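Take a look at the structures listed below.
Both of the next two complexes hold chain A, though its partner changes from chain B to chain C.
Then we have the complex of A and B:
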């Protein structure tokens, strides 16, 4: 304090050194993300404005590739994939959230066997989707265990709706436990004295659930729904391995891969992938707006 | 349990006493259902893997005549699953080590250092996790073809690192923010360099967070399918997920379910061990983003 200008200069120097250090610490992460996310995305967008001639240089066609998917001769395929994606996402996220909430409530009240329950819940989450898809493909064979146990005679891979529901089942089975873990974390932040006070005031179990549990667990619920929706909208592994897109079960992601790597139409594939990520971003934006999710809250609390 | 040790767990016993009889039954039934829901498919996969070709199509709930023939089919013949396991181990371990090194550096900067645009940067990194993997697979394939990376480990390790970074940086930054940085400053006053102070004081304290994050990264790398299915071609680089999905049967038209289930068990086994060992950690890591 006795030499304010000197100490101010020292502080400025320290700040500059800190900025330099931060820069060098961040470079590897930014380089990796630039190489694998930013460059390919930019290149796919750029390529989407060019056509796909065989054995010639691609030429600029403006928005023709987008028109081909949205209003042109591939529109039926595109809208089928779009509606499949929306169907899979909406149905499985709703089911996952309900089942996950039920699981979380049970886990929250369980005093015996917590370790076993926790391990059991983690296993479907940890299982690779590829393995899960193969496993469900086996269980949903016409003479498989699911039909045998339920007494049903559904040919799961043989029709549009059985095939769609088999994807939903496999997806919900694997992800409901993940939702349960996120919601349980929210439930555990609710102070128990609230329930004691409410019980003393004569609130019924249902009333306690709707007035205390739901509102206080809402942030966790919102984050779970947001994570799951974004994941489900990009669903690829499961339908690709389980049905291969047969019986009208192709998702947007499958369409992109099919066009770009299967048919080698990089321009059209680029347009499809651009539409897909704009769609996912739009959904994320809408969800954050309507649910009031504050996903970046830890970032904003930076200064503690 | 609680009756014998009421002093040690007063809150637990109080909560337990509050449960009316019917509620106890509901919770108990719920737990049984939950465990069945999660584990029954695993059980069926395991049981099916032990059934021979004559028995596999029966719905018997346990193998009458357990056999390892499916496992022999997995590791022998055209499948050679041992290579796939080796590839997955190499890919997942190198992804975890490199991604953690990169993420630790970035998270230190984001949590500890003062510079402009730090929150924007964290949001940007998080936004990277929103991009659909399919949007980048084709340009990446062309890029890696130019670099002659196709069918090489790095064609999967580098994308895996980038996919892991957003979550790893987010979780680690959250952990680092809660570190007692005064201790680091004290170490620096005592003559430690910045790196030494970080390595000797902060890293040991952050070890649980680093371990948790490593587990999440390892799981994600072990389970990756999309990119691998495009950039791996031969046994030299194909990981387990891709190998499993394109398993060959005895004939072209018969899906080799017995071998697929056996391979599924092989792929799942290390994950089961990790989950049993680190369940508490993993749950912490998964919920780190949701309730802070």
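Then we have the complex of A and C:
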């Protein structure tokens, strides 16, 4: 790291110029985001205050669409989808993180064929979700390979818990590699001399793991958990293709799509999507607050 | 660490990039690849329609140089087709003139004012099977010219069953044969998808019930509907229907039957040629037959599948489009279509064509089955209706709810769903 050669004032001027450039470089992305994100979100929220008649103009109904989902005659469906979404997210994120951490620790070790293992581990993540959903659908058929290998006779699509667990399996199988790669990146930033020093001091392997590996890999872990949680809360394609929402496996996103594009109710669908948006937003806020305030604010003076 | 100030041209480039992104986004709005050579009528049809659609259009274009038709292929998946059509119709662009619609979309598209009413004499006259014609009607008017049609049949193993059942009681009496052969007795399509609505509607109709009546009222809360649903639920509980059937769609049930695992199966006409095909895939060639569906204490009632030809209300070439619909619906085109696709269509007299029928025994069976049918529930809110039917029926089938609860809940939910659109 070279020492700063210019005076403080020159540096400030430089920074301002860099900021201006950064602003102009960001403009295209912001404009595109405004067009494809801000406008649809705003129009969905606006539309959610109107009803969905057939053969007439929509009329303003205030919060009636929200009431229909939260306390009205669709509440059963809504709360079922909400609890499914939370269940899938909680269970699969916990499993993914544990399995991903294990995979990352294995991949972090130096051994022959490590490159191949890393590539192989990434394969499930590289598959489009729709493809892996179809694949799992075939494997989980009553006469599919899963039943054949385990000798079980489970009709995976024939009951609530088999169906829910099959979604969790497929989700964990697909996304644990993603978590593993993120954590692996964190592990690789840990300087090896810390381990060497700890070993000299006689720290056990477990002690080294809990006192060096975990704290130093935490930023990567937190990012992985955050990404996966937000992703899982929006889960749509996997359950849609695997179960179609049968056996009480519908998620919030599936309800939104069913209402907005299936039943052509932009008002009610808009209300559902706004609720979903607020829910995911709230979860993200809570997670960032509790887990990783320091992840997004690197400490001042860090040499970078 | 100091970096040199970025040169001015980089900043200019950034601004130019921004401008480019904006114009690029705006530029793609109006330029869709719509330039068919001199075509005036656009026909939107699923790529999975089967048949020689391109050849039919070529023949039509040759004879009608002033009304040339261009084919636009939509997705194979019915929901995706509907979404594509709905987007065009909602935008009122009239980009699609003629729509290859599913039988159950007629009510919704018509109620939203998206379809041009058609002359019933011209497009659903006495030459057309009455059952097929009904799928093009909404509130007494014709909105879609009937084309492809079809209903469910009961396939049975003719090597094991001498007299095919005409009632559920007879079907149940045949089940010991399946047991003796180590097979399952009966299966339909009980996965939670559109096919479940079909199977549930048929079961309810075969017991004399209805989900929504002619006047648009919800009437599913009835003893008949309970009996109909009970046939499926008891079948699963008592083992006549394998639990695997809860995951069956058309192909899964056909594969189970052709592997020799089922004695009876409810399926469409398409299954016949597939199961008859020589090869190791099927173990039942020449050992099965099909009859109209059985019912509760008497003959049953099938429901109708199929596709119709509708004219967009926003079409700018209605006269030409109608000529094309008439051509596509005509006897000879339908005849070739039946011969090529092996699937039933709407022109009645083709079923009397001995040469055609000699090569397609399943179409003879279809014709018999098409005499006793009832459409799926007709409602402009069809998607709400079918979602509700699927949810409550599947819950009853898996044992999550009793038949009684499922029927009561379904009645209540459907009443809310069709509220404000009931009755002509």
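We adopt the following convention: the second predicted complex is superposed on the first by the 263 of 304 C-alpha atoms of A that agree within 3 Å, B and C clash if a C-alpha of one lies under 4 Å from a C-alpha of the other, contacts with A are read in each partner's own complex, and residues count from 1 in each chain.
As a working rule, a residue touches a chain if its C-beta (ideal position, glycine included) is under 8 Å from a C-beta of that chain, and two chains touch if they have at least 3 such contacts.
In this text the structure is predicted, and so the values were computed from the model without any measurement.
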Q: Report for A:269: first if it touches chain B alone, second if chain C alone, otherwise both or neither.
A: first
Q.
After the superposition on A, what does A:32 contact: first (chain B), second (chain C), both or neither?
A. both
Q: Please indicate which partner A:111 is in contact with in the superposed arrangement: first for chain B, second for chain C, both, or neither.
A: first
Q: In the overlay, answer first, second, both or neither for which of chain B and chain C A:143 touches.
A: both
(Q) Per the contact definition in the header, classify A:181: touching chain B only (first), chain C only (second), both, or neither. (A) first
Q.
One more residue to check, A:261. First (chain B), second (chain C), both or neither?
A. both
**Q.** chain A: partner with more touched residues, chain B or chain C
**A.** B
Q | Partner chain in contact with A:18 - chain B first, chain C second, else both or neither | A | both
(Q) Applying the document's definition of touch, where does A:73 land relative to chain B and chain C: first, second, both, or neither? (A) second
Q: Could you give the residue numbers on chain A that contact chain B in one complex and chain C in the other?
A: 18, 21, 25, 28, 32, 35, 141, 143, 261
Q. For chain A, which residues count as touching chain B in their complex?
A. 15, 18-19, 21-23, 25-26, 28-29, 32-33, 35-37, 39-41, 43-44, 47, 102-103, 105-107, 109-113, 115-131, 133-139, 141, 143-145, 148-149, 173, 177-178, 181-182, 184-186, 188-189, 192, 199, 205, 219-220, 223-224, 230, 233-234, 236-237, 241, 252-253, 256-257, 260-261, 266, 269-270, 273-274, 276-277, 280-281, 284, 295-302, 304
Q | chain C residues touching chain A - in the complex, by the definition given at the top | A | 1-3, 5-6, 10-11, 14-15, 17-18, 20-22, 25, 79, 83, 86, 108, 111-113, 191-193, 242-244, 246-247, 252, 380-381, 383-384, 387, 390-391, 394, 398, 400, 413, 416, 420-421
Q: Spell out the part of chain A that touches chain C in their complex, as residue ranges.
A: 1-2, 4-6, 11, 14, 17-18, 20-21, 24-25, 27-28, 31-32, 35, 53-55, 73, 77, 141-143, 155-160, 243-248, 258, 261-264
Q. Quick one: in the complex, what on chain B touches chain A?
A. 1-2, 11-12, 15-16, 18-19, 23, 27, 30-31, 34-35, 37-39, 41-42, 44-45, 48, 57, 59, 101-103, 105-106, 108-110, 113-115, 118-119, 121-123, 125-126, 128, 130-143, 158-159, 161-163, 165-166, 169-170, 173-174, 177, 194, 219, 222-223, 225-226, 230, 240-242, 244-245, 255, 257, 260-261, 264, 267-268, 271-272, 274-276, 279-280, 282-283, 286-287, 289-292
